[in-house]
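A, B, C and D label the chains in the order they appear, each numbered from 1.
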Amino acid sequence: MGVMKAAAFIDKNRIEIVEKKIPDVGPNDALIRITTTTICGTDVHILKGEYPVAKGLTVGHEPVGIIEKLGSNVKGYEEGQRVIAGAICPSFTSYPCQDGYPSQDGSYLMENGVCSCHGYKATAGWRFGNMIDGTQAEYVLVPDAQANLAPIPDGLTDEEVLMCPDIMSTGFKGAENANIEIGDIVAIFAQGPIGLCATAGARLKGASVIIAIDGNNERLEIAKKLGATVTLNFKEVDIIDEVMKLTNGRGVDASIEALGTQKTFEQALAILKPGGTLSSLGVYSQDLVIPLKYFAAGLGDHKINTALCPGGKERMRRLMNVIRSGNVDLKPLVTHQFKLDDIVEAYDLFANQRDGVLKVAIKP
Amino acid sequence: MGVMKAAAFIDKNRIEIVEKKIPDVGPNDALIRITTTTICGTDVHILKGEYPVAKGLTVGHEPVGIIEKLGSNVKGYEEGQRVIAGAICPSFTSYPCQDGYPSQDGSYLMENGVCSCHGYKATAGWRFGNMIDGTQAEYVLVPDAQANLAPIPDGLTDEEVLMCPDIMSTGFKGAENANIEIGDIVAIFAQGPIGLCATAGARLKGASVIIAIDGNNERLEIAKKLGATVTLNFKEVDIIDEVMKLTNGRGVDASIEALGTQKTFEQALAILKPGGTLSSLGVYSQDLVIPLKYFAAGLGDHKINTALCPGGKERMRRLMNVIRSGNVDLKPLVTHQFKLDDIVEAYDLFANQRDGVLKVAIKP
Amino acid sequence: MGVMKAAAFIDKNRIEIVEKKIPDVGPNDALIRITTTTICGTDVHILKGEYPVAKGLTVGHEPVGIIEKLGSNVKGYEEGQRVIAGAICPSFTSYPCQDGYPSQDGSYLMENGVCSCHGYKATAGWRFGNMIDGTQAEYVLVPDAQANLAPIPDGLTDEEVLMCPDIMSTGFKGAENANIEIGDIVAIFAQGPIGLCATAGARLKGASVIIAIDGNNERLEIAKKLGATVTLNFKEVDIIDEVMKLTNGRGVDASIEALGTQKTFEQALAILKPGGTLSSLGVYSQDLVIPLKYFAAGLGDHKINTALCPGGKERMRRLMNVIRSGNVDLKPLVTHQFKLDDIVEAYDLFANQRDGVLKVAIKP
Amino acid sequence: MGVMKAAAFIDKNRIEIVEKKIPDVGPNDALIRITTTTICGTDVHILKGEYPVAKGLTVGHEPVGIIEKLGSNVKGYEEGQRVIAGAICPSFTSYPCQDGYPSQDGSYLMENGVCSCHGYKATAGWRFGNMIDGTQAEYVLVPDAQANLAPIPDGLTDEEVLMCPDIMSTGFKGAENANIEIGDIVAIFAQGPIGLCATAGARLKGASVIIAIDGNNERLEIAKKLGATVTLNFKEVDIIDEVMKLTNGRGVDASIEALGTQKTFEQALAILKPGGTLSSLGVYSQDLVIPLKYFAAGLGDHKINTALCPGGKERMRRLMNVIRSGNVDLKPLVTHQFKLDDIVEAYDLFANQRDGVLKVAIKP
């Protein structure tokens, strides 16, 4: 079908624009012309060689675009339609999908009763820019398109839905996994894009006291706009002491970890009431320690829940409905815009967190 | 009211029979004449000075007996009635109780908006032999009796209901916390009395493949009687390899930790499918490590749930109903019987796990 | 202790101010000096003789006041403290309470294994103005005070917390019972005080499209302020057609019935998607019909949930936290104010729904 | 590919063996050679013209067979492999599927934001013998085969897994929808094949007292083998009185309706405790009445749940695991066997419920 530009992982510290063949469309696929995409923290890990992907793979996993071509089995869509797809693109047919864990898709090989992978691979539902070519390109091929193409409602701009595929879905899952009840006190550790979405999600689930924690006061200001009722800068106060004071020694009903470090995980547990839930979103890079004193020796009726970003068209439909309702405005998260051609510069800005960057919009 | 014999904690390594005044009965109390009680692993920790209680406190928390006297506010019972009470005796009126965590009772002091205890004390619902005089005595005073006295159905012996107050309630909670669905594969680590009850509970909740793990083949035999479909001796096989082989590399839907060590916790996590639940019952004595490789870096949709033994008369009613239904027979767990006068000897046998002891019945 | 004024049910169509003895305070009670209370639709049913209560009983079940005297067993409160209590005042100790249904309290008589009431009486947790003297008086005796007294946070006025004991707790329960997920479409039938609170609750639980339905445009305007994104006047449009149009033929994820009529129940079911939940709050006065065509012949994966207003101090604490957070402002619901002495006039206004009345504040 | 025999709906009261072309296999399909199938109550409704299907359609929806040919996109299976598929064959990709209701599949037409069907059709996940040719034939085409083919574990016979596709999946769902907790009292109305499976399911979910109700003592005997602890013949006792007596006036925690009549629905509600769940499996043929007196006027914290049989390969895998575990033996349900050629005779026996027939095995 001709060629296109794509940002590919060349080698450690090298993601560059290359030319690739526009992919062929199989019966269950759809080809999307990307109009807007973005860079994720995970892409930076790929750039730095900390998360391994195949050399030459197109990176990126957050597609906003237009249907260019539909596979012969994909029904109910039209070419030219504006759509998004989740960062995680499950088949929805595998055992883990049907078992309630579509993000953990990927166990085809169990059909004969023998799995070749010795434990189905966690996160196997993440395909764009991980197993298959991703979205930082002029075109992307969406697999299992019937399950994954989500039409953009009229009246929403690309920028308004750009957070749906990953950041918003992940952050909201953090709130959903926190067992929040009306009137709860919830603390969210780290107010990067995902933590900010978790803060917005906590408000959406009915929390009354929402404590946003970060070391950056600008981010804490955005957190307030998204629903935080209290903000704490860990450079200025002792987080554990402060939260226990705020709660009259009771602790929080739920804490959401949105960074992936020992310190935030540990604090998130320390401030939890007996019976409380620690909802973990962070991608950890080393063994975690659960301090006995914060764990009531295992007798505290505590719950620790982890999650991978939910995908699929129904999830995307719901998230876009939230945007459309006006209840949550995530536009402040998109702080910069770049052309696809300038993506190396965008990576440099984003990886070094300069100029108050939160998320960048990439336009092919 | 006269005096009674009681097994009191005198000092490290000394639990002895002493004489005490039979307690007065307040308006919300009931005095129970103990007919049978038992010794718990926790009591051994108390004996060894590893868990601190006040010197002179009567130990024991598993009461089976007869109502001797009822407080003026306690309605619907009769003196002479056979009853049990849970090891955990919540008030059911405090904030944590009404919040769904009665075992975490104990935050009276928050009423004025200020809690004196800096985080309400986990396990504060455990009173017998911890905060107040316990059950290894001729009489025990049950606080909040209206909430805690559970009549023994006709036809059940003391021995048949002796496991209800603690071991059965705890073990079953491990199964309940494991999110078991019909057809699940569940592994239970350690087949002491609590692990055996968790094994029975897993069967009761609908698991199809129940893998009981221990180093003692006699206990594994009892596990089979209680519902295990597979038994693994960790002295004979590599547990992780074996379970992955048994599940064709898929892992288990849920694992239940019933010992309280790093090794069993770690293995329980290692064999978990993405999306699976680790239900932890163990009382840990040191910081726990979550190995990154078994935790999918925090992206595995894993759940870790801890619990303290549920109490209260409704819980006890249900557990005795299970016994009465004949679905679970826990009599094999009561391997020895002692008079209260001989309790020092019983502690010696139990603490040293001699003669295949699982649980001892103590008869005042 | 002297005498007080109280509004008592004298006979059909007669609720009048009488003089009563200020009640004695038992060990588990608290005497509250009422500073504000209100009239509920149920009280009007009592007035009209449609719901039977004992002649001479003080009516009313929504107490806001000051602790005058505490029973000897009630700990952690102080006389002079401002408190509320729920309309439903469970003991929290009975079997139904411990079984998760405190509003269905009242089965004391099962303790001996024989219940005298042939099915424990639903709604038995409702005591004020039903089984015992209520709150439309200068003083009210709160039973099981340890479980039911909820201190008012500093800075909240009587009017701000006046809806917590009943209207807000019931309306929010309607939203909680509706299984609302982020992004849901929810319809609420009837925008009286309870329906308005259900509308506010639906927003608080994360619904994106909130369809408020009533025949009164003033109420629909208030619904918008509380979170409705769409309002429908059933006098102006066909509700079923309109909702199906609004949802592109999909139906709503959940509908909340807040009136108690066949028509609203039926419509609430008709617009439900397969898999949806009908959360019913209405007090019905006749047999209900489930039309086969709206019920998918029983194959629609539908859920119908009913509820009685939750009570207890933890519930009240949470609801007052919601008020304090500023997320929900229910002051517009209190449209009129009367002295206790003028309560006959207040009943007349409220029973006849004159002057746009929603709720009246009664001040002894 | 040649021709095959199939039992087709010709006209009212005429299902006959006809010759049909063996279907072509599309990329997402699989062709199964049927080795065993059965007749369902629904097929009898089709036979009698009470449930409309296209003339000429092959009936039947319970396939046990061998993979004859796989579509090009179907991975991880082998031709010659023994498999089953659920009676309900969802795509697992549509909005309702991803929303948690795969049995309510079928809303393809919403993709453009407009649904042509004015409410997506409940039960649209049921395709075999309803929308497409069914299983009472030599071959059946399984759509969305990747999601629906479930390999039969070694060692299980056709007869042993014949109940999995429909009867067992439906009956167990009835138990799963009943919110059963350990120690519950559960009543099951009607002990036909589905009710018997619901009885087995109630035991599997941890109920302690299982009350099976029917008018046929032979069926009640089978109910006992599957887990009933009490059996009641409605021709011999008053069901409501008897159950209230058995429960000391408390009522049951859950009741399961497995017939589809006003009388059983009404009784199932009448015996429910406040807070209890009515799990409805019946296919009703007329409007249902909820008597006010059994519904606590809508204030009883009651839950009514309906369901359609769950399908998909994960569900089938789990059900076959239950069979393999030996916990449930459903072979007694297969009372008769016929050749496909003799299916008219089989319908006659089954429709008239002669000779103690429960289910018939049909062998092509």
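The rule is simple: contacts are C-beta pairs under 8 Å (C-beta built on N, C-alpha and C of every residue); 3 or more make two chains touch, one makes a residue touch a chain.
None of these values were measured; they are calculated from a predicted model.
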### Message
Taking contact as defined at the start, I'd like the list of chains shared as neighbours by chain A and chain D.
### Response
B, C
### Message
Given that chain C and chain D are copies of one sequence and touch, is their interface built from the same residue numbers on both sides (over half shared) or different ones?
### Response
same
### Message
More than half of A-B's contact pairs recur, by residue number, in one of A-D, C-D or B-D. Which one?
### Response
C-D
### Summary
Taking each chain's centre as the mean of its CA atoms, chain B sits from chain C at a distance in Å of 39
### Task
Identify all positions of chain A at which a residue touches two or more other chains, and write them in rising order.
95, 99, 110, 113, 317
### Task
Would you mind writing out the residues of chain B in touch with chain D in their complex?
172, 175-176, 181-185, 201, 203-206, 208-209, 229, 317-319, 321-322, 324-325, 327
### Query
Once bound in the complex, which stretches of chain D touch chain C?
95-96, 99-101, 103-104, 107, 110, 113-123, 244, 248-251, 260, 273-275, 280-292, 295-308
### Summary
Per the touch rule above, chain D residues touching chain A in the complex are 27-28, 73, 75-78, 81, 91-95, 97-99, 102, 108-113, 144, 146-147, 149, 151, 153, 312-315, 317
